[in-house]
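As written, the chains take the letters A, B, C, D, E and F, and residue 1 is the first residue of each chain.
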Amino acid sequence: MKKDIIAVYPGSFDPLTNAHLDIISRAAKLFSVLIVAVAENPNKKHLFSMSERVSMIESSANIANVKVTFFTGLLADFFVSVQADVLIRGLRAVSDFEYEFQMALMNRNLNAKIETIFLMPDQAYTFLSSSMLKEIAMLGADIKDFVPHCVEEKLKEISISKK
Amino acid sequence: MKKDIIAVYPGSFDPLTNAHLDIISRAAKLFSVLIVAVAENPNKKHLFSMSERVSMIESSANIANVKVTFFTGLLADFFVSVQADVLIRGLRAVSDFEYEFQMALMNRNLNAKIETIFLMPDQAYTFLSSSMLKEIAMLGADIKDFVPHCVEEKLKEISISKK
Amino acid sequence: MKKDIIAVYPGSFDPLTNAHLDIISRAAKLFSVLIVAVAENPNKKHLFSMSERVSMIESSANIANVKVTFFTGLLADFFVSVQADVLIRGLRAVSDFEYEFQMALMNRNLNAKIETIFLMPDQAYTFLSSSMLKEIAMLGADIKDFVPHCVEEKLKEISISKK
Amino acid sequence: MKKDIIAVYPGSFDPLTNAHLDIISRAAKLFSVLIVAVAENPNKKHLFSMSERVSMIESSANIANVKVTFFTGLLADFFVSVQADVLIRGLRAVSDFEYEFQMALMNRNLNAKIETIFLMPDQAYTFLSSSMLKEIAMLGADIKDFVPHCVEEKLKEISISKK
Amino acid sequence: MKKDIIAVYPGSFDPLTNAHLDIISRAAKLFSVLIVAVAENPNKKHLFSMSERVSMIESSANIANVKVTFFTGLLADFFVSVQADVLIRGLRAVSDFEYEFQMALMNRNLNAKIETIFLMPDQAYTFLSSSMLKEIAMLGADIKDFVPHCVEEKLKEISISKK
Amino acid sequence: MKKDIIAVYPGSFDPLTNAHLDIISRAAKLFSVLIVAVAENPNKKHLFSMSERVSMIESSANIANVKVTFFTGLLADFFVSVQADVLIRGLRAVSDFEYEFQMALMNRNLNAKIETIFLMPDQAYTFLSSSMLKEIAMLGADIKDFVPHCVEEKLKEISISKK
């Protein structure tokens, strides 16, 4: 009984890091379709525009059953609109866990069919978050081990333009 | 591209609780085959024998793509022997999380192909663990809301025989 | 020896949720007087005005020994000014706990007589915070299970006016 | 409207520490009656007998509205039998919190009327647990700052007799 | 074999608290040179200017082997530029720990030679953070037990000027 | 002003793992003398004898300024007897942290001069504890990546003899 399960991996991806890529690669092996869904939240300030964030993922995560898209509004509504079966989240540490658990419960309360599963990125990425990455990139850190090449280039441009 | 993914849900199940059943039901919807694997660890004392633990699950989790079995030795070896793709664990709270994270990393170190995913049981089972259940059952608590009927009966027998 | 204990339940209540109401109802049963004290902090941005926040609580928490008021300045000073005996806080999860513990210790250091006690809301509200609520309400979520009716109406108005 | 609230503070008290005494003193100020309830669990090994544990509390916590007793069986049943209104627990740190939260939810599930509240002991006792105390006492530590005098004497006797 | 170890204690110190002073005093006893390094991050808003933050530390931490300086850019680069051997961080509680652990791993990834060690401030400062201190000072709290005298004076001036 | 600081790294080391070795190597670089102190606690069951545990460390941690010894009784007393200045502990994760923090506070209460510092092992050892290692070794796991060669041999012998 083969299953045709559609998974959604939502996030800001501002920008995509190697930890995100690692989760994408792991989830793509487990499910038939993986939709990487970039959240557009007009109340949050992003470093990269929506189209930049989507195209950075598209050029880095070149996997057959991975689709990249964006959504506005409620994640719970997007989940239903793409007929998804499961929501993917990465877990690095306890601080992640608390927030992620709260989100997953909220989503389940909004729609009992939203099943959230948590994957663990490679141990090497325990320390890696988009916010910390942006902070050190703006301070001139060499970030080539933490992000795909296209993200590194984009961050360098911004870092130089700010000087 | 439908996927044929084999999932393993290992544990002591000493005894099975409704929280376990909830995880089994959720995982069975996501994967083609779910193997509930009861761990036989000669160094641990169990309240129920291996055959009792297996049969309690078999009679409670009557789902087409769920198989119940037991294993001795290393979980990482059992995982390979059944050609599994993913390991299932339930997550209730932070104390769980720390231990589960450590186990998942250890298993990944033993075999890089062991992908662990975490599912969240129903909010109603946040407080429920096999050890706390046994403790209150031995003290005479009414546990019918926390375990399947066959487990309730077994626990009552033991509780009475100890008096 | 009956006791006449005055309890204070401080917060931003921006806005009141069912989790807050649940704590109010539990605390009102334990103490003679419960003062729900809405904090006015000029350094924080609130979605609702002070008078809106106070009146949402007044119309939702209609309990004989519950009084609703607001305070500016230091909670420790307000506590003394109303001759309170105990401070009430709700606890949901670890992230709450750390912050709440730090606050309770700070208040005890400011005034050794400030005794903080923590109550646990109903399990159903584990996921519920005012900030997450506002976020999903602004994105169009149906929030009627999470807040009193008057709060739901107010949030809808704001959500529509922002479109 | 003065309230006549009966509080229960359960525990093993094996032995009583200054952290326990601190919680007893704080709770006695808030409620009309405080019942310190020593748990007799035949499945657990205790250093001190039930009567020793009860009498150590009686001679140390000499407060008018504090009663000391013991119970066997389920705490939820004892709570009902003494017509208690609230359960008292001390909270020191995160590891405490997780366990205590789980217990409080379990008790609420066994009986919805069991309201658990958490108090914070003096900052000076953050590190103090009965198990760690016994361990260092057996190794010859000077423990007079951590326990009442009668407990210190008892622990010394045992420590010497073991040599 | 005596060692000549250079330690760096970085932070915002906006403003210096007694908890910081406590860590400085402890670290100065363990290492030959302790460089207190005030971070200038143009992306963060500070209450006090860089020169104010440096001079508050200089006048409060009058210890022979302690030097106070500031740095811009990446901490990992500053660490190398002063030929430091070890990075000092204070740890108060779990929330601290998670963030500090992430930072320490990031720094080790940027430069494998950056060894971070964690010290524990006096128990009395468990609750003390610069952000909470600023908040209560602006609300008129008496903060003389939490900061050196010169910081208390500076905070009073600001608090009055804002009224 | 070079400093002659004596550090003590206490533990059960039952058995030594690569995570311990990593901490030993890091601490030896920071302090003049590092005393690895194996705790003999007659109330705990150990897999390896004291002399085995000491000799496994001696043959694996061959560093000039590292001494290996054992102690009975209270760590606080041993610390004084060797005129130590600082206590070393490794930190891997939150569960570690809570216990270690409690221990460090207890030791500081027993003797205010006991300064505990925490070091972080290599990220690769986040998952590694002696107890989990023993468990998987007894189940037949290949542990050569987790322990020094001499420990691997010893564990194999025991594992085989138990069959």
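Operating definition for what follows: contacts are C-beta pairs under 8 Å (C-beta built on N, C-alpha and C of every residue); 3 or more make two chains touch, one makes a residue touch a chain.
Fair warning: this is a prediction, and the values are worked out from it, not measured in the lab.
Asks: Smallest number of touch links from subunit A to reach subunit D?
Replies: The distance in steps between these two chains is 2.
Asks: Could you tell me which chains are in contact with subunit B and with subunit F alike?
Replies: For subunit B paired with subunit F, the chains in contact with each are A, D, in label order.
Asks: Please decide if copies subunit A and subunit E contact each other with the same set of residue positions, more than half shared, or with different positions, and reply same or different.
Replies: different
Asks: For subunit E, which other chain has the most distant CA centre?
Replies: In terms of C-alpha centroids, the chain at the greatest distance from subunit E is B.
Asks: Matching B-C on over half of contact pairs, by residue number: which of A-F, B-F or D-F?
Replies: A-F
Asks: What is the distance in Å between the mean C-alpha positions of subunit C and subunit F?
Replies: Roughly 47 Å separates the two chain centres.
Asks: If you average the CA atoms of subunit C and of subunit E, how many Å lie between those two points?
Replies: The separation of the two C-alpha centroids amounts to 34 Å.
Asks: For subunit D and subunit E, what's the span in angstrom between their mean Cα positions?
Replies: Distance between chain centres: 39 Å.
Asks: Please set out, as single numbers or ranges, the residues of subunit E touching at least two other chains.
Replies: In subunit E, 93-95, 98, 101, 105, 123, 126-127 touch at least two other chains.
Asks: Show me, using the given definition of touch, all chain pairs that touch one another.
Replies: Contact pairs between chains: A-B, A-C, A-E, A-F, B-C, B-D, B-F, C-D, C-E, D-E, D-F, E-F.
Asks: Within the complex, which stretch of subunit F touches subunit B?
Replies: Residues 93-95, 126-129, 132, 135-136, 138-142, 145-146 of subunit F touch subunit B in their complex.
Asks: Under the touch definition given earlier, write down the residues of subunit C that touch subunit B in their complex.
Replies: Per the stated touch rule, the residues are 93-94, 123-124, 126-127.
Asks: Can you list the residues on subunit D that touch subunit B in the complex?
Replies: 41, 43, 73-74, 76-77, 94-95, 98-99, 101-103, 105-106, 109-110
Asks: Help me check something: in the complex, which residues belonging to subunit E touch subunit F?
Replies: 1-5, 26, 29-33, 64-65, 85-86, 91, 94, 97-98, 101, 104-105, 108, 115-120, 123
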